[in-house]
């Protein structure tokens, strides 16, 4: 009665193609991405790191309300976007601002939410990037719906749906995986397992051998990958996207990585973990690993390094300029988008605010 | 990184100890229950079948509002109760009235809900049987809580938590399995996979190799069992209870059975399945299978058969007597149990009804 | 094809027709939920849709309400007009987070860039002898949530017209179908336009007091008005039809015309839609009122079992009692 | 050990003390949720509890709110008094079904045989510059649900007393903690008894009109009363403290004494607790009212982003405007 189950289980060890020292690791069934892809990934990693650094700085300067950094997770941020085609969709969480920007969204628009200006800044319909989801795992179901609609129309769309290790505990994670599997919907569920959900470690989140072991319970093929190895990520995620696009249904990928910084600037990690735990992860940094490899392969020269750094600095400059500029909030936005046509009640309420504001001006 | 995963997966085929012809099937690692247990199971099966038949009849006579029959699933109903000790708890669904009665609850009290008298009739605290759950999968979490509280106090309680194949799709199923696993809570999750959720067949519920394959995603050891073989059920469920009691954490058991009758009397199965699909299952009836085996083993003589039938008839008589008797509904019950102490608002509302009723009497 | 001659039909028929006509008219309309395919829904509202439109346009899902609504939200984000059925009122609660945090907020979140033309059909309220969890009146939860339209028809013609309008709405509509009215029959000409969502109607003229009701309470209010007429009192009956948007104009005009009002609703009264009606009508019509507006609602108790539900539900007698208390001595 | 001398403390301190004192007093009290262990909660309300009482009495769970509440229900069925924390208001929605269909109904379902002494703590409402989903005022959902007590303190002393009472309650209590008041400090003598759940209090005497508020709106109402006093108008301020049970007596007596009232609340007004207050007070005090009761509430919109929230929240000016509209020409 059991359908062939073995291929649904992930490998025992996460797939790694470049080790922490930057040396290639041969891997049966998983090829090294071509140099072109790795060099693009390098540029994207440098930009993503710069994005994180600049966002952290902007928080300290009071220009952003809050920032959940993906420092150390940039390989995940970059790879999950690089494997997508133009018509594909990305469903990010609050921690995936770097991925959103890697996808081509304007960095200032990407930070609208975290700046406190509005709940979302970019246009999902033109960027194919869903609004960042805060209620955990809820967006995974939207991802299934977007993919299912595309499939009903015969479009080749694949949806990349991101979540964290903590989010896998929510009922919506379960329902999303199951719906996608039953309807063979082309979604790649990509878990960035960074070992923490705010203060709660993975061991309090699951007793499973790995999060990827959840796949078989839905009939979803699953794989584990080193989340700090952009090469392995590109290959594993790329294969998953291809399978999904080929009609093989949803795929589940767990990346093993680590949240090197605090949950957000408001968090104090000293309350729940020691520096000793963090230190080893610093030496597994995704950027050094890739640049060591590329340098060794002769794929990265000083010129390219400088060019990437310059591009990243331009990105940072764009962020600073955009976020240091004052934006005028428009009170009419409060009422304009609740419904397509404001109700008479909303028109009354808007008039009340208009009246208050006009009286303030008079004073 | 993967903890030993193999033991978490269920066997390829469901465990069977007595086949459809009543012949014993040798099975490595699973022993035939002792004759005593099988003979008790026989008596319980006869009673459970009689209970289902009588309840169906009472619906036709208008004495019950609705009845979701477990006809054909009686082996599951009986085995999951027989493996429990006195201090253990049972968490049943609306379909598990026969199990509740097998556990010793008065049959008329067990039918209070389905009769429409009140939402629940028996006392959970004295019977260790939770109220029958209608909102699917929600009670599985309560089961985890009851077990966890017992464990915190060092009590040896095990909780048997029942649900159907359809209920496994709900988020609460996921959360219950996961909480139980993370806290190593002594719950046996017992899925009666009867192939249907009202009209929806299993294939629309899951694409997994089996429902038991969900266990590994939580780190929960899982097993599959022939749900019409009470011997296999007693052994597999009994072992699961022992492991849970020994501190090995939750266990997941999937029984493969079939809903031979309609979902409830209000359902019309001809709309979604053919008689041809049902027929083969009739020959896998759990009662004939066990009685053939017991007869062949010389464990069942005419006298015992007659005694069991007489006991079952007594049960049916008790049901008829209880359900044919008119019960006086007390309007004060509407208000008395909303809170420990009725609010002043509820007292006012009760007075309003009292006044209306007294005026009706006067008329 | 809708019929041109008025026809006796049930609300269930009318809803089924509305779904069928909408699916014929617009390819992007899809219907899904639990048991809505081959079975045609436990109330048969989706009867025949899979047969006519195929598995891709009307289909059963796995048993998970958050999943159903969440997937519908995604499909609506990507060009479809999904209609989902929650099997019973209380079984919509697992979808609450999806409804409140996403369905209601997506348009606002994206300043109109992502819109969700989406209908959540909920067989709702009591009076059918259902066991626990099958009879909740949950409209207050939805009506309190900005971003949702909330609609409740009270007869077949309205059921047809409002459901067609809900499906055409660019915004999410919680469509509440009074279960106990599913199988009552009345004459309906489905070709006639019905007033749009957001419009209340006066169902019966009257001069002495106004009964304000919606959904399952409307027929009771009409019965009460009929009974009152026998006793020489003329009661006007307003059917809200749409709870959100709320038609202040029609309701207030009606109450001003009589100076007295009773709100009738099945749901528990506390912090409810009926409370809102009392509050907003009083705020607006205070000086036209001869007496405080009264409420006849379900009690502040969990919905009772079948044997006791008749004591809980608004009844003709209870409405007439409330009307009697409208301080006629001041008239 | 609670302090005997009145002490300046924050509401966060007071809540932490209440938890600690309750856990010391009763072994069956346990506390769990997301990040409540080592971290002490994102607002530090559970700070130090795991250190003092151990992993078994204050612990982190997997990240799933239905799971948290569902497990708490089971533990309460089996002799414990669980307290759970929902990390933010909008993150309580996944637990909605457990709350509505079980927590609220278990006692009633079993006619008192199974009781659920259970506290659901929810850091709630806005005014803290939080991003979407972190500022919902969700009390109407809970207050409309029979079987739940709903409580919202407005100062540290009340926070302590009400939380102790909630933990001792034999019934489930939804305990709403106004986030924006967590870190404001005031003098509190925690050894003094506070009025029980179900009791409103007059926070400030006044003769011209009554402001009725609860939770985060109380300090604003008090400020408005202070400002009005400067302008020569005497406003009474009633703090509901407990939304369910509702203290009709205190509230109606207060309104009758002034003949005018404004209800102040952060939540959207439609079908809300503020609607209920207007409706029930009007029903009971109609002939004492010189003007319709007005509401100053959040608008019927999703909670706005930080940059705009000041326009949404009830303000002193908006309250004073509403008071001005209480038809003083009729005085």
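Quick notes on this one:
By letter and in written order, the chains are A, B, C and D; residue numbering begins at 1 in each of them.
Quick note on the criterion: contacts are C-beta pairs under 8 Å (C-beta built on N, C-alpha and C of every residue); 3 or more make two chains touch, one makes a residue touch a chain.
Every value quoted in this text rests on a predicted model; they were computed, and no experiment measured them.
Across the two interfaces under comparison, A-C and B-C, the one joined by more C-beta contacts turns out to be A-C.
Placing every chain at the mean of its C-alpha atoms, the farthest one from chain C is found to be A.
The centroid of the Cα atoms in chain A and the matching centroid in chain C are 40 Å apart.
Averaging C-alpha coordinates per chain places the centre of chain A 36 Å away from that of chain D. With centres defined as mean CA coordinates, chain B is found 43 Å away from chain A.
Residues of chain C in contact with at least two other chains: 61-62, 64, 66-67, 90, 93-94, 97, 101, 105, 108-109, 132-133, 146-147, 244, 246, 270, 299-302.
Touching two or more other chains at once are residues 118-119, 135, 169-172, 174-175, 178, 182, 204-206, 333, 338, 343, 345 of chain A. Residues of chain C touching chain B in their complex: 34-35, 37-40, 42, 60-64, 66-67, 90-91, 93-94, 129, 131-134, 270, 299-302, 304-308, 311-312, 317-318, 321.
Note for the complex: chain A touches chain C at residues 118-120, 123-125, 130-131, 135, 138, 140-150, 152-153, 171-172, 174-176, 178-179, 182, 333, 336-340, 343-345. Here chain B touches chain A in the complex through residues 1-5, 8-9, 12-14, 169-175, 178, 181-182, 184, 203-210, 213-220, 249, 256, going by the rule given at the top. On the chain B side of its complex with chain C, the touching residues are 65-66, 113-114, 116-119, 134-136, 166-167, 169-172, 197-200, 204-206, 266, 268, 271-272, 327, 329, 331, 333-335, 338, 343, 345-346, 349, 353, 356. Only residues 30, 56, 61-62, 64, 66-67, 69-80, 82, 94, 97-98, 101-102, 105-115, 146-147, 149, 169-171, 198, 244-246, 248-249 of chain C touch chain A when the two sit together in their complex.
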